[in-house]
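We just call them A, B, C and D in the order they show up, numbering each chain from 1.
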Amino acid sequence: MHSQRNLVWFSVAVLLSAVLAFSGCSRKDQAENTADGALIIKIGQVSPLTGPQAHLGRDNDNGARLAIDEANVRGVTLGGQKVKFVLLSEDDQADPKTATIVAQKLVDAQVKGVIGHLNSGTSIPASKIYYDAGIPQISPSATAIKYTDQGFKTAFRTMTNDRQQGRVLGEFLVKKMGGKRVAIIDDRTAYGQGLADEVEKAVKASGGELVAREYTSDKVMDFSAILTSIKGKNPDVVFFGGMDPQGAPMAKQMQSLGLKAKFLGGDGLQTPEFLKLAGAAAEGATASSPGLPIDGMPGGKAFRDKFTAKYGVIQNYAPYVYDAVTAMITAMEKAGSAEPAKYLAELPNIHFTGVTGEIGFDAKGDVLGGAITLYRVKAGKWEVMETVVSGTPLKK
Amino acid sequence: MDIFLQQIVNGLVLGSIYALIALGYTMVYGILELINFAHGEVTMVGGMVCIAILQVLLPAGSVPVVVAIALGVGGAMLVCMLLGLAIERVAYRPLRRAPRLTALITAIGVSIVLQNSAMLIWGKQYVSFPEVIEIQRYEFGGAHITNLQITIVLLALLLMIALLMLVYRTRLGRAMRATAQSPDLAALMGVNPNSVIAATFIIGAALAAVAGIMVSAYYGLAHYYMGFLLGLKAFSAAVLGGIGNVAGAMLGGILLGIVESLGAGYIGPLTGGFLGSNYQDVFAFFVLILVLVFRPSGLLGERVGERA
Amino acid sequence: MTTVWRRRWHQLKNDRRAALAAFMVMGIVLALLPFVTGELLGRSWVRIIDFALLYIMLALGLNIVVGYAGLLDLGYIAFYAVGAYLYALLASPHFGLHWPVWAILPMGAMVAAGFGVLLGAPTLKLRGDYLAIVTLGFGEIVRIFLTNLNAPVNITNGPQGVSLIDPISIGGFSLGETHSLLGVTLPSTYTYYYLFLVLTLAIVFISIRLQDSRIGRAWVAIREDEVAAAAMGINTRNVKLLAFAMGASFAGVSGGLFAGFQGFISPESFTLFESVIVLCMIVLGGMGNIAGVVLGALLITVFPEALRYLGELQQLLFGRVLVDPNDLRLLVFGLALVVVMIFRPAGLLPSVRRRREFSADESVLTQEQASLYDARR
Amino acid sequence: MTHVANPSSAHRDAAGGLPAGAVLAVENVSKHFGGLAALDQVSFQVHAGEIFGLIGPNGAGKTTLFNVITALYVPNSGRVRLNTQTLSGCKPHAVVQHGLARTFQNIRLFANMTALENVMVGRHVRTTAGVLGAILRNRATRTEELATTRRAQELLDYVGIGRHAQQLARNMAYGDQRRLEIARALATDPVLLALDEPAAGMNPSETESLMTLLTRLRADGVTILLIEHDMRLVMGLCDRVVVLDYGKKIAQGTPAVVRGDARVIEAYLGGVLT
């Protein structure tokens, strides 16, 4: 007799849930106009606004806002119709599942384009939803090769990908840092592993010897075991593909283990955070970051002044978000329409000088002429060493 | 050889931290048969509070470093003790008669709450531990060990001995063991189970606080999320040694630490380079499972007979 | 005697009628749910409901292992992962394979069941928390292998995950695209909803049938007292393994659907936390009681999403957003867990069994038996 | 009239080389734990339809022997046979399969199942429905399920707790729990019913009604092996008894004979037996 009773309860449960689902009050957005008759154009922005990367997510959000506000102040008319841009920011918690949900949310809200997501792991699953909806997506910071490799013609990015950065790092490691014997560590995240693998290829290609390939995770703080076995292979450079929370204690533990090799990392390490956490151990560490040093950027100084005035210190990717928005609006103006179908066709043809440098996209949607800059910690500060142009040169 | 020695040292340091935390799990389990999932979070709070206090005192410069550290450690222990007490009161005491799984879920809930409160208080960023201790490196047989590491191991050892003393030499200890054997009988013998249990939580929390401080000092940082993994490892250690058994927790902790670092260091050579350090946790868990399959109640855990 | 039978028969008849009514209500609600939700809250909420259905399947599977057989499994998500990866590898450009869904899903169930037995075998002797930690280890081991099996031979594509997974399509009818049937437009998320709904109902049905069966009783008997169960002629080994296998097979199916629905999977979707969440679902809702488990799964998937509106709530209350709602979400979730467990230790909808158990009248016996710390139920 | 004795037990008697009438044969069983011998060359037979008592002072090895018979322990030497089957070395569930059902000294019911469900679990070994049957609920399964329920109710009525069918085992009175345990054991259609100190912790009146139940069981042809402290129960009930002391069989025979036996009296330090 249980079964029947269960069915009754089951239906009750379902009803309850339905009610609960509706209780989450929300309104639906239609295309509307402002008081002065300007057409409202919604642009989405997605990044982790919570969790360990929230500070980066917030930074992206601010970058986008700055660009949007400026465009509105400047005043944009598409096909004779005056328009006003509105930014819808969503939090994907750097989680793939949530990413698809918020992507769906933006599609529902009929955004004309999306800036984001911040992580590769979220940009990839979301890209399918945007592609199905035919909405252009420009990620300012997803570096996984796969993102633009899926054949989705709606996916673009304004930052160099892992292959470009990895190649530069690898060559620099061997040729400039004199790395004969190289040890590579990655944190088994999409970012860390992707970058590390590219670096490994480049190192081998340019004649370096890989003496150790070790692994850790993005949650642990103890690396003494792997560093010890690396020490046994006495390399002269250790490369770490991962983020600063791991990189900093790693640098410390290299010291306390008496591991003398030079320490090299990617853009995950080239942060003020790393300096703070590693303290004295940070000295001499080298790390790369896509793009030009902010002061080396064409509009760098101006941008930083504007940004810091409004939102405080630039965390990391804000300039790329800014350029991503500019690229999108430029394409809209070129097409004389904000209709995705129309301006999507123009995106590959645009070319302008943005904050981070010359912006243009190749057939895949990767940024052209992406530059990579290398930094070294000197006296507790990141100092520019040199900038390498990695991407395919721009067609003028 | 020196590599091997170094790995042992690494394992020992890691292990003694695990052991300290494992004690908290095992003591509570011994008495309540409850996995206090939130214990790892208490560890995290310990580290955080200590850092907070140091950050206030050090720049002021008015107090000498030693005093600052003493205050930091003391403050952290105090906060954690209160926290432990509160957790027991609010989350566990009402559920003593409930099915064990209920208590387990509550424990998980508590640890989620603690994590996110910590996030709200200390932020999402990693917090760095002020460099108060001048790091010295000593070398023996090719292996390096720092003064900090030595302090950690010795302090952990000291605390464990102290705990053993407490459990086997004092009235409170006797009361604890009695309660663990049979709460009702203990009650008949005039032991007040509630106060004994409270005491257990407090002691466990104090040890966790010290462990948390060690961790954040050793790695130079703390994060609201760090308690989870630590707690998990420590709990495994407690089970490995035979949960409910104080000596077992210590053995399990040290053992797990050494197994992990040896695993990370030698799994490659062992498997002819087929598996790398990326499988170190597999290795650790594999050892754990093996032990449990052959000794279903852990290394030192006494055979728990058929209790239905 | 005869009176007993008559009483039974009456109960049966009454419940039948109630059930019929319930069926109809349920049918209507479920059929309209996506459209109503889509209109009121937007399609993203339909997607959320889709995920909720996946979690219901998961939870019902774990309910067999934990709720019925009383085997505390903290590595359950591994079976979900197995199902998902099986689908991803057999229906994506990764290996260039594009098998049909009707071939993969049953296979996923089988393989997952196989893994279930694999996990069960070494843990048969273990009880309670020892079992918990071993299953936990198992779950982690599976995840670690998924993360690292991209070298030396690339099987799982490692941390990068597998993308471009084929959307589920039944007889050329791809759920990946928007269709319009007799004037009604069916977006992808809606069609998925109906597929998931059918499978969920099937799993609910199976669970109900198992509950009052010879096997179901054997499971509960083992949960209650393994030695006595063996003394009653129950082959505890096989029956336990059966529980693991059944539970795992549900997860396998659910995982396959997840892969097809999401189009991209990576190891980070199968962490220990997911296992814990699924466990929370069944305990919160009411272990061993199907309705309870369903409710628990729904609440835990929908609740955090609903909490996204905490911001607007603050607006209402204080006129401005004091704390970023996203920061409060998990906190509130944790608090909810604690509070519910304290005030409804048997879950929101306890099973008949447990309800009796908690309203245990104070007969001499219960007083004798109820030890102060009796947690061994 | 409810039929409780295993229908097939009658024709099994002669079979398998057991002397006519014998159901259970304990043959030179010895069991050592480390140094000390808990059981030393113990032998006896239980005949169909009798209540056979196994008695002895504390530490005499009664429980050890019981565990050897129910195959929880494997004897160091000797064997236990139930009709044609050798039990020693069987898995617990197989022992039940072969027709030996037991109860526990410290009652072990399925606390959170109803009385009815408890007994239905007892039918497990005599029924066959599997997962598929459960899901499809085909005719075969339905009839089996119905039969199981009916049989369970019968047995509950038989032991006199039919009205508690829907009550949780844990909420039943002590005496009723004993009866439930017996009913559950009977549900397995045992050739031999082994009771481990059924009167333990019972008050006189409960013991009284238990005796009536056991007598009735015997009358209905159930063979019973009884381990007991309570001499009144043993002497009043058993057809034959074996007395153990320090793991040795020191006497065997009708209660009357055994009561007179000098060694038994000495073993019990006199007095107690009267």
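Remarks
Following the convention adopted for this analysis, contacts are C-beta pairs under 8 Å (C-beta built on N, C-alpha and C of every residue); 3 or more make two chains touch, one makes a residue touch a chain.
As the structure is a computational prediction, the values presented were derived from the model and not from experiment.
Across A-C and C-D, the chain pair carrying more C-beta contacts is A-C. Computed from the mean C-alpha positions, the centre of chain B lies at a distance of 32 Å from the centre of chain C.
Measuring from the averaged C-alpha position of chain C to that of chain D gives a distance of 42 Å. Averaging Cα coordinates per chain places chain B and chain D 50 Å apart. Shared contact sites, meaning residues of chain C that touch two or more other chains, fall at 147-148, 209, 224-225, 227-228, 327, 354, 377. Chain B has residues 276, 278, 308 in contact with two or more other chains. Residue positions of chain D with contacts to 2 or more other chains are 108.
If you draw each protein chain as a dot and join the dots that touch, the picture is not a line, a loop, a star, or fully joined; it has some other shape. Contact between chains, using the touch rule, shows up for A-B, A-C, B-C, C-D. Contact residues on chain C toward chain A in their complex (touch as defined above): 8, 11-12, 15-16, 18-19, 22-23, 25-26, 29-30, 33, 36-37, 39-45, 47-49, 51-52, 147-148, 150, 158-161, 163-164, 176-177, 188-189, 204, 208-209, 211-212, 262-266, 268-269, 289-292, 294-295, 298-299, 302-303, 305-306, 308-309, 312, 324, 326-327, 329, 349, 352. Those residues of chain A whose C-beta lies close enough to touch chain C in the complex are 1-18, 20-26, 28, 49-50, 91, 93, 95-97, 100-102, 104-105, 107-109, 121, 124-125, 128, 132, 144, 146, 150, 188-190, 192-194, 215.
Against chain C, in their complex, chain B makes its touches with residues 29, 31-35, 90-91, 94-106, 108-113, 115-117, 119-120, 182-184, 187, 193, 232, 235-236, 239, 243, 274, 276, 278-279, 281-282, 285-286, 288-289, 292-293, 296-298, 304, 306-308.
Against chain B, in their complex, chain A makes its touches with residues 50-55, 188, 213-216, 219-222, 224-226, 228-229, 231-232, 244-245, 248-249, 252, 255-258, 273, 276-280.
Across the complex, chain C meets chain B through its residues 66, 72, 122-123, 125-130, 132-134, 136-138, 140-141, 144-145, 147-148, 152, 224-228, 272, 276, 279-280, 283-284, 287, 323, 327-328, 330-331, 333-338, 341-342, 345-346, 354, 370-377.
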